[in-house]
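Structures for review follow.
Next come two complexes, and both contain chain A; in the first it sits with chain B, in the second with chain C.
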Partner chain A sequence: MLQLINTIISRPSGAIGLTLTALHLAIALLAPLIAPYDPTVQNADAVLLPPSLEHWMGTDTLGRDIFSRVLHGGRLAISVTFAGAVIATVWGSFAGIIFGTVGGRIDEYFMRLVDAFLSVPWLLFLLLIISIGGAGPSTIIPTLGFFYGAAVLRVIRGAAMQVAARDFVTAAKARGEKLWPILTREMFPNLSDVILVEGAMRWSWMLLAFSSLSFLGFGATPPTPDWGLMVAQERGLLSTAPWAVFWPCLALSSLIIGINLLADAIGKALGIDRATAMAM
Partner chain B sequence: MKNSLFLSAAIALASTAASAQTLRIPHELGYGGSESLDPISPQRFYEAIQNMYSRLVRQGDDGRPSPDLALNWETTPDAKEWTFALRPGVTFHNGNTFTAEDVAFSLMRTQSETIQSPTKGVMEIIDRVEVVDDMTVKVVLKQTHADFPLLVMDYRIKMLDAETCGHNLDALCESGNGTGPYKMVELDALGTTTLARFDDYYGGLPGAENLELIAIADQDARVAALQAGQIDFIYALSAEQVPLFANNPNFTVQTVPTGRWIGMIMNTTVAPFDDARVRKAIRMSADRDVLGKLVFGEDNYITNCDHPVWPGDQYRADIACERDIEGAKALLAEAGFADGLTVELFVSDITEGAVRMAEVLQNQAKDAGITIEMVRVPADGFWSDVWMKEPFFATGWSQRPADQVLNEAYSSTSAWNESAWQSEEFDAGLEAARAELDFDKRKELYGDLQRQIWEDGGSFIPVHLKTVRAFSSNLSGIDPVEDFSIRYENLTKEAD
Partner chain C sequence: MPTLILRRFGFAAFTIAFVSMIMFAAVEALPGNVCTSFLQRLAQGPRLERCIEQQGLDRPAIERYADWASGALKGDFGYSLKKRKPINEVIGERLANTALLGGLATFLAIPLAVFLGIVAGVRRDRPLDLSLSGIAMLAMTIPEFVTATALIYVFAIVLQWFPAVTVMRSGMGFFDMLPNVVLPVLVLSAVLIAHIMRMMRASVIDVMASDYVQMARLKGVPERQIIRRHVVPNAMIPALNVIALTVAWLLAGVVVVEKVFNYPGLGTLMIQAIYDRDLPLVLSVALIFSAIYVAVNLLADLAALMIDPRLRRGGH
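The block that comes next holds the complex of A and B.
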């Protein structure tokens, strides 16, 4: 573990990724302690103030402190998408390993099904589910988890096929081992690296998806401080009070870039090339 | 490269020449494409009917009724029979002559059971319409109404051609054949609807050759379209959008006090809103001045006590509605919600400020122990799927005279009684006010009705709005009057 971290931070991109991600997680965790104001308190006498010593990032249309809202703004998105990413990674890699190991007709049929599913535009799919099930974490987490899991499945199955073709798996099969022991003892240990990287990548994409939903009004509901929602509510102000839009944008993009860089760095440190796995 | 430059220059020139005489007005696509050309349809295509048809009377500069298709009118001493003398020599777009027959037809069809027009509740006061001669019509009312011309001033009570509509009082008439300044060329409610000027319009030749009504459902998209010169006009800007146009020589900004309001409506037949104490408690928890400032900006609103009569109306009552958190808590406790109350509020970007108003109310009501959970729904189809269907929802109304809006939004039989409020006291009071010929007494009666709505009704109407319009500066002829009184035929546009 320590060695992995050392390898990651030996590259500048890895160091930046790890720092950004760690910083964001720390902020999300500590926001209630470090935010100078309550992020939902409105103040009619302090509407749309530009950044100052009192309000570091200015205030929004309802007179709320943008700095405090930005600090809080990742909490919902990070926790919802982290839960979603865990679900996606668990079911996606589990199914992926099975299909990659079993192969044959069943694998072919299921993968065409997965391909067809992946060709559906993800935002339309999400909006459809939300319009039926209603907005809110209880709908969004399983939906994100299920949808992104299909993409994880595609990648892990490709990686699993490479592992399944190796001698020690053939040997295990020749010994007459059952499927379950092959999956857990031969396949999984050799795929855990890919799964880790894949999970991290999906997490960052899911963050973007959740923020898009908030932007459209179907993710977080007011008055929850949330970056996507903040951008949506103040986007009309881009030319007159740009700070109200700029800071949440910066926070969201720095977190997504951070996770992306980190995932790439982990992949490189572990010698994983996602593109090869995907191509199978 | 040279060729393509030349080509694009040619296209640019051609499009300027073509659009010089065309007014491009956005429409808000409130009915998702099912907009109707029948002025009394619940889904009337407002921007189109406004230009295609005319009324008997229209708002004068003083807000009083002034002649349009009727030149003058008089009543009997009991104010039950009203005789209108019509404007001679008026023709419909198809060449038919406008006569008293058309007036009788247009007025009586508003009462149709099958059409179920939102004007039905108001116009049911008409007992019958008698054709005295071709140019004279007598309207006999079921009961006295001292302000009857105000009722036919409604923007939906337009005069249709009885012949084109097949003399059928019970069917929608979407022919578009009116006497207004513009006639329909192509209807495309989801895209661009085109109207051309009517050369025989009785008010003189309209200014612009064509009107284009361009469907843009989203306010930010409308602002962007105006900035990019794709439309010429926006009815209402939000406070933070004003600076985008205020200091720009390409645009003119106009501030107009109006009777427009955005509100949150509680269905008085659904728990917990079936308890009048709960409704009053929610109203008492609001600080209207702070709300107005936060949602609409300094000086862009006039505070109000949850009834629809605007400050410019002659019948507006003075009511005090200071914020009273303790009072609200006491009412809630009495109603059985001593430990607080949680309700869902359905909002959408139907009009600028609706979502933010809900957010401010949510924040203010919290102090009284009321938790408002906001449910955001898409703006497309809001009026058909959410409005008057959910127990607590956002609404928005344009300006109407006191008697009309009190009747339309609060009398128990009205189709647009959005809070489903059933009050016999109110219905009787409204009837009494109309029968009262003495102005001061009438004003007192109308004032009582407003107080009843504040005490018992299902509305939260914290402010009336001032409108800030923006239009391209090559447009002239827009008077600083409320939206319904804009005369598009007087608008002219200089070539760029």
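The block that comes next holds the complex of A and C.
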């Protein structure tokens, strides 16, 4: 573990990624303690104030302190997408390992279904489900998890097929091992690195998806402080109060970039070539 | 060869049929039905009866699916609840507007991305490649609405070169439309360029390490000619698949970008339909988007078959 972190921070991009991610996670955890104001309390006497010593990032149209809202703004997005990423990684890699190990006809037909499923552009699928099941985390988490899991499945199944072709798996099969021990003792330990990187990468894409949903009005609900929603609400006054939009944009982008760089660095440190895995 | 092409067409047809079934089934699975979800508390009495009759909800689901699917094949998508008009009338102009946006973005992005990908791949790990790859990473990870907002701030508010939101009248000429589409097209193509460039770069690096490039070098073929004759054509093939995949992203991106610029396309139509809980309209737009995606994938597959003779042999 320590060695892995050392390899990650030996590259500048990895060091930046780890710093950004850790910083954001710390802020999200500590936001209630460090925020100077309540992020939802409105103040009619302090509407759209420019940045000052009292309000470091200014105030928004309802007089709320933007600095406090930016500090809180990642909490919902991070927890929703983390839950979604865990669901996606668990079911996607579980099914991917099975299909990659078993192979043959079943695998081939099932992959056709997965391909057909993946050909619904993700946002449309989410929007369709939201228009049926309503917005909010209880709809979004399982949908994101299920949908991104299909993409994880595709990648892990590809990686599993390569492992399944190796000698020690053939030997285990020849010994007469059952499917389950082969999956847990031969396949999984050789795929855990790929799964880790895949999960981290999906997490960053999911953050992008969730904040886009929030921006469109289907993710976080007012008055929850959420970066995507903040941009959507304040961008009408972009010309008079650009700070109200700038800070949430910066916070959101830096978190996604951070996780992305970190996932990439973990992949490189573990010797996983993501370019080829992505293409499959 | 003909059977191979037929098989690709078959898979495309299967995909679109499967996708339409999933989407239809998802709507069927909702508690209540299309009419109660649209009318909410008003769903009672003659109003509900009229709606049920208009949408044909008194018939079994399988029959309705068959009707909807065969209608969609002929361009008849049924009836919008909110707009009180046949859906194909609502969609017509919107589809053209979205096609303009997507088409311009694609035509701008593909040649540029392929060129930049070759440059970056050939100059691997040199400063030029590092900065290009860095910019591509940023373009891929920063959400489209953030990029769009930044562009609006710079080009519409500070410089005032282009309008911040789309100003559009029906019957506008192509050149009157242009100022409206510049910024949306820029946002869309930035991400497209990033994705395609990354793939092209990886693909070029692979080919540069191949035996036949090594051979050509040893024969003394000039580097410029190696790149033009050996590297580029071979690197194009894997990149072609990614180009098709990025169209899936483009279709999602177009929804966000249209919303930012308030552009009257299919994306804003779909979002409005969700706000209005107009499920027949949501379903139809989703189907059209999926059909476009499947069609583009099919085209990319066929193009790959044309470029690469190796693919024509063997099963798949």
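To be clear about the criterion, the second predicted complex is superposed on the first by the 276 of 280 C-alpha atoms of A that agree within 3 Å, B and C clash if a C-alpha of one lies under 4 Å from a C-alpha of the other, contacts with A are read in each partner's own complex, and residues count from 1 in each chain.
Throughout what follows, a contact is a pair of C-beta atoms (placed from the backbone, for glycine too) under 8 Å apart; a residue touches a chain by one contact, two chains touch by 3 or more.
Small disclaimer: the values here were computed from a predicted structure and weren't measured.
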Chain B versus chain C as contact partner of A:A241, first or second or both or neither: first
Touched partner set for A:I9, first chain B, second chain C, both or neither: neither
Touched partner set for A:A172, first chain B, second chain C, both or neither: neither
Which of chain B and chain C A:F218 touches, first, second, both or neither: both
Residue contacts with chain A in the superposition, chain B compared against chain C: C
Which of chain B and chain C A:A116 touches, first, second, both or neither: second
Which of chain B and chain C A:L25 touches, first, second, both or neither: neither
Which superposed partner A:A46 touches (first chain B, second chain C, both, neither): neither
Contacts of A:T61 with chain B and chain C, given as first, second, both or neither: first
First, second, both or neither for A:N260, with chain B first and chain C second: second
Common ground on chain A, meaning residues reached by chain C in one complex and by chain B in the other: 217-218, 235, 239
In the complex, chain A residues that touch chain B: 40-42, 44, 47-48, 61-63, 134-135, 217-218, 221-223, 233, 235-237, 239-241
Touching residues (chain side chain B, partner chain A) in the complex: 219-220, 223, 238, 240-241, 243-244, 290, 293-294, 297, 349, 355-356, 358-360, 362-363, 373-376, 378
Interface residues, chain A side, partner chain C - complex: 112-113, 115-117, 119-125, 127-133, 204, 208, 211-212, 215-218, 228, 231-232, 235, 238-239, 242, 245, 249, 252-253, 256-257, 260-261, 275-276, 279
Chain C to chain A touching residues, read off their complex: 11, 14-15, 18-19, 22-23, 26-27, 29-30, 37, 137-138, 140-146, 149-150, 152-153, 157, 164, 198-199, 202, 238, 241-242, 248-249, 251-252, 255-256, 259, 270-271, 273-275, 277, 279, 282-283, 286, 289-290, 293-294, 297
